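Paired with subunit B in one complex and with subunit C in the other, subunit A is shared by the two complexes that follow.
For the complex of A and B:
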């Protein structure tokens, strides 16, 4: 029996749970002997002109090797915005040169002999700032009174469509039109392992850089570009990575600066940031203001939908400026609107730059449309489950093309909704809610729904989505797999070994997975956008099968038989001649005289579109506004599941992060751009005590785009849970007249919404 | 997160600690559990030049009965308070509040003396001891003195404790069977209270409603007059000037104080 589809335990865990991972900060490598330590002087003000930098105090401090400013890094190119269609004047120098644009913007580098000396020395670099007005609010940025890049002439980095493109007749004929401005708040990815780097230049002039990342090849590409050197001169190695969530793709200026210092001083160099620096320096996420308008009939048919997006890019336009395009792509979600349209504007503010984070643009689309559906349902007084069922796209097995350019591969959104409602016992929950309301219970019960479809495996490289793998059988019967994907918690070692073992008949404990070394594996798209299994896993399976074909030819020679007469027995990992007992040769034996390996690429015809439906149940204390999450019931259909244990893990983590956005997390700045949540005491990162046990419902609708039938699962939980929890909180208070509460639904915000509704009703 | 440079010296007795405090004056800080001090040092909000480690001092730990009081050594850890059978029976409010401090790691290291001396108005034990009508024994170069918790806190992170004094013990009246209540309002289980309310024996203490733990005197007086719990609780925020922070503005804090006071009093009466 195949092990595919079974709950194989994670082979990574004994190591992580005993001796622990080998992270960049802990790395012991003789090439790093005598490394200097790199520290960054970061701006304490949100927006200011740099008048002068006096390093003398730091230079006199113990252990300080050097202090560098932007002038010293003149040999490094400025980094242009991530897309050529963005305003090209919004370039970022390798260190803030004349102007700082957010609190945390690196201004100078301090290099010390020992790590502990750096934190003292950075405080001794005297930077003279001439404060400029800080632009923190999105509307303020749009007004354009203060420009972050005066040479750009605007704070708008990029526009996707414009008001002029909107259809003035979109809502004509609608009996009901509801419009609301909603906030998808700024949050911090906050991986357990913060950022770091170790770098050394060899005598051959090549850079070796150890960087926690989500794809060594992409990180190498970014390093090459930012260092302005040849691709052959850089080797990136990926140690164990303690979480990425999208924010560890590519390379940041601190990684480049660490490599630059190593070259400048001709010594290895290391950099590791503190949690405080991580919360300011790593890209933030979400940060959209959305205006949703939905129109339809009184009996529940949604006819038209409009989404207008304002995306906050932070101080420099990075991936944040790209996110609205993904939000727009997924505008209508699972619904069959007759008419839908969306536009976006991405602007800069004096805050930490915004980047990718678990879902990257798609959770924002789902949050918008799911809130819109509930607003519409409340307006016409219909059960939100009923409104959804009435408007979902019907099941389809042939790809469904939306007007936004998405091609949904397979989907059955109504079945997902039905399953989750049944598992939640929705009718009983509504009855319980009605009972509490009748009894005047101060603890209100809220039931929130979401239906979602998302896009995964869109391809990290140009062209068709694809990934490569190399599978080699060794004479001792062991197997090595090289993959262009890059694990940082997902469980690739287990999953890829399952796939190879299933084909080759070699036990999983004899299979070793390698990744994250650009000399060993020059090509690869990394792990992100929920692409790994569908492309990287399919490549491993394809390579394994092709290896058996190669071995068959070899075995035919060895056994002097016709290849067609050979049978490969997975149980023994050996070929035998049909009908001739006692003659067999194993894959391991076939590797004795000549390497037995296959390197192959798997191409997928397009992105896949996982979907699902969530129900969240909350208690809302109407006297205090406190939200307690009681249940999350989730259908996350990601096609055929290779290992339910790994898939469950992805769903658990995703749901927790998405729920945390709904009722806990928010990165807050004051009006002057000072961060108010730069530690875990103030940034309400969730713990297990804030989460219930999640109820996961199985549903598997295969995709035809890859032989595994698999779609992505990494981001699904995050996408479905945020709107479900938010809708649950609003639902709990709907009888009081509350129609919307912005994220996160913090106690004070909930209480104020109750107060406002009560005074309006009074 | 590395603290600024400091010297470290380990005290061998209370007297030795006092002697070292005398030598180093304001530059020194006492290190007991270190769970408030060390984070502040790592964030460089505190930069003492000398740490005097008192964590290992003998005779300053444990819970015992002494006449009408329960006496707690200053170095007794939160986890020990939460698990103390004596407290459970005779001052359960203190045991309960101690069991809600931070998380298990913090409760395993943090001490009651440290918590009171640190005087964070959002902390659990100051309000619990204030409601309990507790007292502190302070030892200085001139000997020991006893200060009521009512008189101990003077401002935001400020107390009557002198730079050359050491908290050696904390006491609370034995209240076998007395009704009590403790309400702690947080967003996450391990957070400081946004507002806390402690009550026992007709006294009501508020946490995070001002620069120090405070008595809800209007509520106490109303109760003494025989007012109903809901009516008395409505007065809980009277005379307070709660701060506005990330989690709550003054208006919301005052509202929470009223709701939580009603709940704590109801619990105590039940």
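For the complex of A and C:
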């Protein structure tokens, strides 16, 4: 029996459980002997002109090797916004040059002999700031009174459509139209491992950089661009990575600065980010304000939907400026609106730049439309489950093209909704809710739904989605796989070994996976956008199959037989001549005289579209506003599951992150742009006490886009759970007249909503 | 200052700076890098080790405070005849780890927790591990792992 589809324990675990992963900060490598330590002086103010920098205090401190400012880094090019369509005046210098644009913006570099010395010395660099008005609020930024980049002439980094493109007749004929402005708040990705780097330049003038990342090849590309050197001169190595969630793609200026210091001093250099720096310096996430309008009939048919997005990019337009395009792509979600449209503006503010985070643009789309559906349901007084059922796209097996350019490959959204409602025992929950309300129970029960479709595996390096793999069988019967994907918790060592073992008949414990070294694996798209299994895994399976074909030709020579007469026996990993017992040759033997390997690329015809439905159940204390998440029941259909252990793990983690956005997490600034949540003591990072166990419901609708039938599962849970939990909190209070509570549904917001509803009713 | 600390059953004597944190002593002086630093506010528990059998956050203990005591890290957990200690084995069996960064701390916190409460309920497990953050697993399988370890003990 094939091991594919079975629950296989992870081969990587014993190492992580005993000696621990080998993360960047853990690296012991003789090339790094005598490394200096790099520290960053970061702006304590949100928006200011740099009047002067006096490093003398730091230079006099023990162990300080050097202090550098933007003037020293003049040989590094400024970084333009990531898209050529963005306002090109919004360039970022390698260190803040004349102006700081957010608290945490790096202003100077301090280099010390010992790590402890740097912590003290950064405090001794005296930077003189001339404060400018800080723009924190999206509306304020739009008003444009203060510009972050005066030379840009605007705070708008990019627009996707404009008000002029909107159809003034979109809602004509609708019996009911509901409009609401909703906040998809700023949060911090906060992987448990912060950022870091180790860098050394060889005598040959080549840089070797160890960087925690999600794709060494992309990180190398970014390093090459920011250092302004040739691609041949950079090698990026990926140590173990303690979580990424989208925020460790590419390279950041701190990585570049570490490499620059190593070159300047001709010594290896290391940088380990503190949590405080991480919460300010790593990109933030989400940060959209959305206006949703939905119109339809009184009996529950939704006819028209409009989504207007304001995206906060933070101080410099990075991936944040790109996110709205993904939100727009997924505008209508799982619904069959007759008419739908969306536009977006991305603006800069004096806050930490915004980037990708688990779902990247798609959770925002789902949150918007799922909130809109509930607002519509509340307006017409219909059960939200019924409104969803009434409006979902019917099941399809031929690709469904939306007007926003998405091509949904396969989907059965009704089935997902039915299954989750049944698993949750929806009717019983509603009955319990009615009972509590009748009894005047101060703890209100809330039941929230979401239905979602999302897009995975759309991105590779360029062109059609694809990934490469190299599979080699060695004479000792072991196997090496090289992959262009980049695991950082997903379990590729196990999953890719399962795929190769299944084809080659070589046990998993003899299979080694390698990734994340650009000298060894020059090409690859990394791990993100839930692309790895569908493309990287398919490439491993394809390479393994092609390897058997190559081996067959060799075996035919060896056994002096016609290749067509040979049978490959997976149980023994050997070829035998049909009907001739006793003659056989194994893959390992066939590798003895000549290397036996195949390198191949797998191309996928397009992105895949996993889908699902979630139900969340919450208790809301109407006296304190406190929300307790009781249950999350989830259908996440990502096609055929290779290893349910890994897939469920992705779902658990995703659901928790999505739920935490719904009722806990928020990165907060005061009106002057001072961060209020720049430590784990202040940022409401979820702990085990705030999460329930999750109830996962199985559903597997294969895609035809790859031989595994697999879609991506990494982000699905996050996308489904945020709106389900938010809708549950609002639902709990619907009998009081509450229609909406912004994210996160903190006690304060919930309490205020209750008070507002009560005073309106009074 | 000179400290005498038994680390993973081996007595050691080292000269350390008074300000050296236990986590840095373990990582830099003892070459034991399983415990990680995940925060600067004693919030995350990635650095959790056992001090005389009780779990502590080693980022918040000075090395000199451990003088005369014994410290156990994930590297020092004894599985007896097995490759893994029962708690480590339970984390593997229940897929209680993904990126692994929180894992050594989580495992040590679990060992400490179960020594105080060998038969916890799910709620007690969640409360017992409140000071250990994990971004990857949503805690679901960590809780399963702790319950599994409690059962198999």
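The criterion applied here is as follows: the second predicted complex is superposed on the first by the 762 of 762 C-alpha atoms of A that agree within 3 Å, B and C clash if a C-alpha of one lies under 4 Å from a C-alpha of the other, contacts with A are read in each partner's own complex, and residues count from 1 in each chain.
Throughout what follows, a contact is a pair of C-beta atoms (placed from the backbone, for glycine too) under 8 Å apart; a residue touches a chain by one contact, two chains touch by 3 or more.
Being a predicted model, the structure only gives us computed values, none of them experimental.
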- request: Using the overlay on subunit A, decide if subunit B and subunit C clash or can fit next to each other.
  value: fit
Message: For A:275, using the defined touch cut-off, is the partner it touches subunit B, subunit C, both, or neither? Pick first, second, both or neither.
response: both
Query: Under the superposition described above, what is the C-alpha centre angle at subunit A formed with subunit B and subunit C, rounded in steps of 10 degrees?
result: 40
Message: Between subunit B and subunit C, which one contacts more residues of subunit A in the superposed model?
response: C
Message: Quick one: is A:649 in contact with subunit B, with subunit C, with both, or with neither? Answer first, second, both or neither.
response: second
- prompt: Which partner does A:242 contact after superposing on A: first (subunit B), second (subunit C), both, neither?
  reply: second
Message: Per the contact definition in the header, classify A:687: touching subunit B only (first), subunit C only (second), both, or neither.
response: both
- prompt: If you stack the two complexes on chain A, which partner ends up touching A:120: first (subunit B), second (subunit C), both, or neither?
  reply: first
Message: Touch test for A:451: subunit B only (first), subunit C only (second), both, or neither?
response: neither
Message: Is A:676 touching anything from subunit B or subunit C once the two structures are fitted on A? First, second, both or neither.
response: first
- request: Please work out whether A:535 is in contact with subunit B alone, subunit C alone, both, or neither, and reply first, second, both or neither.
  value: neither
Query: After lining up the shared chain so the two structures overlap, which partner does A:748 touch, if you call subunit B first and subunit C second: first, second, both or neither?
result: first
- prompt: Closest Cα approach between subunit B and subunit C after superposing, in Å?
  reply: 5
- request: List the residues of subunit A that touch subunit B in one complex and subunit C in the other.
  value: 116, 274-276, 679, 681, 687, 689
Subunit B partner contacts - residues on subunit A that touch it in the complex: 115-116, 119-120, 123, 274-276, 623-624, 626, 664, 668, 676-677, 679, 681-682, 684, 686-687, 689-690, 746-748, 751-752
Touch list for subunit C against partner subunit A, complex: 17, 19, 27, 31, 33-44, 46, 74-75, 77, 83-84, 88, 91-93, 95, 97-104, 107, 122, 125-127, 129-143
Message: Considering only the defined contacts, which subunit A positions touch subunit C in the complex?
response: 9-10, 12-14, 16-23, 25-26, 28, 116, 190-194, 240-243, 245, 274-276, 488-491, 645-646, 648-649, 652-657, 679-681, 685, 687-689, 691, 693-694
Statement: Per the touch rule, the subunit B residues reaching subunit A in their complex are 1-2, 4-5, 43-44, 185, 187-192, 194, 246-249, 252, 255-256, 259-260
